[in-house]
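Note that the chains are named A, B, C and D in the order they appear, and that numbering of residues resets to 1 at the start of each chain.
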């Protein structure tokens, strides 16, 4: 097992995201997204050489990182990239429906994968004012959404988001269709510090897929503010392999951001 | 008098355009426009250092030419320029009403300064099919239009254009206002191989201003397909000065396009 | 994006005819797919009846070599979508009978004269012309690139006849102000064909001059985006100077290596337009018979290599010297 | 526009503090007018009550030095228009009481945390927030830049609450299809303030990284466009490499030479963000009292030179080394 025994939660989140990325997609990484950026690069190095991913703020395609800069708006993210377009060009691709995969989080996430970055409580007089929706409204035009967070708790995982910054399955089956969105597009995966989840195709509800090593089912249930669907074949998330960790630490995140923020 | 005795008609058209350009304007030069391009540069060198002019096709600001390339889409027009923007950016400035001065011609030009680049005769079965309107519809959004042509004849100067590619004063006083355009903006100057004309502020009709050296009033009247207004102080166009010719030949049009196309 | 400075000239190191795979693609388990196709293969992606956008502006960056192969493959019933200025790229296809309909704002040869085939067919009433203008082309493509249905133009865009005869212009009332705005419909061609100076095997393309409406066309195209280029560069060259990429590879479907692919038009930064050839084309095309002979001599039955040979290496070298 | 390569680093020759007029301006009879203003003069162009757009994206290219002078001049009742991501440029003005209303899609410090003043004022209900998003900012500015009234978004942009709470989102029916599209109203600030790495005396500006929405803001601004820059370059440098100009001078009204004008944010390609300073700002600003002390210490009564001195030349040099 060697060094794979000592990995951090952000590193585990990263490999979970990476393993679920199919080859050939066009993916976009936005604000404050260390794990997805590194996961995209890792996926290219392991199983998805035809994945294209864009470093949102500066619009760089397939940057090498090495090391990961502190923001997708950082010009150092251009290292080894193949192109860089303006943020308005990125938005063209998002609106035109050309983006396959988008990574997103939220201060609230609900059972239907709706995301909130605006407020907790009343909109006009919030208990907590979040930073704002940024690019989450584009989720309406993106085929597949991977949700990630390091804060799997009842404040984040709520019955219903107080504000829909980015659409998931809204109020459940049929909701997307009523708005002219495809029923079978939307949130596909949720990776947290505790577990990996997906969505039940019929009920559109979030469903537990695997527990991270050392995490009990009870802990996940306790920290989730709604009933998580459970499957018969609940497994343990495979930890990062030696090779994955080597790629992350020696070829991508050479300044160790994923170890520092743990 | 020296070399100023031997100038070509395109050189004379160029200096006429140049002398009428005020300092501080933003001017745009489009397709097939040797004289206006060279005139802009000449104006900067003589009396209008704060004139900004854009070489349309490649969007270069204040290029030095030297020599004048064969098209505003030619990358060699970048020489000594200060910036270059895409053709779509140029169009933003035009639509937003930021352009002060536009140079335009036509296969037909009428008494109200309307321009036609599309067809002579019936639109569906034209006697002559022109190249098309290109940027002339932007004239609706431009403050001032200088019209130029080397073909002052009855085919070009017609009673009424068969197709309005670019608006002048349309049907005369009040026409622009009815469309939401400013009455006091529009065609301001017409420079041809025979004469210089402007527009009467009251009637909006084209008015003879000066005859080129050696050109008789009769010749202009004969070659104009509508009644030109005449002023009491009809003058002779002052020929290019030695300095103007020196700037043109030694600092701008060093390959002598204006001498060749004469 | 522009490279006017001497130091920006394409370096010979970038031009090896057969590129090795870069380090990048070596380190992955599966090979990354290249997008290089032969000219014949790329042209065969376009079915007759397609709406095809041709890039460049006038005689600059026109994909002439691709157009000649379209004529050789006898693609028919095209709906042509042109940049604000088009020239021989349109005139040749129209003359060869490949075009059913053309949406254009300008087809001509600037200072060299009018477009002979376009005129002839237009005056005979045999071509459906959707008269357009620069605003319509540019903002229609911009809307198309963003998946938007149309673009509303500024107040005061009024009074010109193109808006009257072109059904893709229509009015909309702004519900907030009650004012009516002229709108241009989104333009979304099936296929966009553009020519650039340099491109790598994954479609990362470099304009060595202005990119005109090429990128907008590629973004607005619904089915295929094809890039022809004078020079192939290695992925590692792209990665060294990513800021020079003017059309990102991820929107490109096919790359064709086509040296002198713009001749007799100019490939910006590489070679200037061939004025002598163009004048001869205009003269011969004054009659339909003359144009037929031109087609026989320079288009039908000639491979790109044979075409270059026919024009003459000496002449091509001269155009390259003068074009930069 | 981007300059990632070593060879693109600003050359010392370009940085002479007092530029001679270039040859260009010598040969004309009247002198060409320069646009250089002092920081105080440039800020005084902005009346209280203005709609001001601030450039940059998050902590990159934020015009911090200009914002500090706005606070010193006690400009009030601002309507702030922000890029898709804003950070301390907004938080400082909001905390200092200069802002009446803010149109924003994100105000935060990314990985470093939430924006303390924005939170405090928002949660107290004292600030009018027009919640926006990236599409609204970008396409609203694009419409504004073209003089268009609005931009209609693609079909299927639906279901998110920003469109419900923001009055600048509204539906329009396409008369051709009968389909309803969400539209974003054009954004036209009174004033746009952007920061770039380099600029000449006539306003030709160079971003040494991405230009984000800076150019769009400058194009959409109705009254004034102000550029602050770390380094002044001579017009002849601009003319030598015109392709590097990312904001053309002819739309710029004023240029301010402001070295380290983004600190503690990053000026792309020149210096990185000052994480230590930013963390200290966030910590102190957790209380209103702490923020007041920060203002006293780093904003009020300090000239830009004194500010740089206070941060320390050694520290600034380190940020420059690491930022490229």
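Note that in this section a contact is a pair of C-beta atoms (placed from the backbone, for glycine too) under 8 Å apart; a residue touches a chain by one contact, two chains touch by 3 or more.
Quick caveat: nothing in here was measured; it's all calculated off a predicted structure.
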Length of the line joining the C-alpha centres of chain A and chain B, rounded to whole Å: 57
Centre-of-Cα separation between chain D and chain B, whole angstrom: 39
Distance from chain C to chain B - Cα centre to Cα centre, in angstrom: 29
Interface hub residues of chain B, defined as touching at least two other chains: 78, 84, 91, 95-97, 141
Two or more partner chains touched - positions in chain C: 2, 4, 139, 142, 146-148, 153-155, 242-243
Category of the chain touch graph - line, ring, star, complete, other: other
Pairwise chain contacts under the document criterion: A-C, A-D, B-C, B-D, C-D
Residues on chain C engaged by chain D in the complex (per definition of touch): 1-5, 139, 142-143, 146-155, 170, 172, 174-177, 179, 181, 185, 240-243
Residues of chain A that touch chain D when the two form their complex: 31-32, 34, 57-59, 70-71, 73-76, 78-79, 84, 86-88, 91, 94-97, 117-118, 123-141, 163-167, 170, 175-176, 179-181, 261
Complex contacts: residues of chain D adjacent to chain B: 25, 27-33, 145-148, 200, 202, 204, 219, 235, 238-239, 242-243, 245, 248-251
Touch list for chain C against partner chain B, complex: 2, 4, 57-60, 84-85, 104-108, 110-111, 114-115, 118-119, 122-123, 125, 131-136, 138-139, 141-142, 153-163, 165, 208-213, 216, 266, 268-269, 272-273, 275, 323-324
Complex contacts: residues of chain B adjacent to chain D: 23, 26, 44-50, 52, 60-61, 64, 78, 80-85, 89, 91-93, 95-98, 141
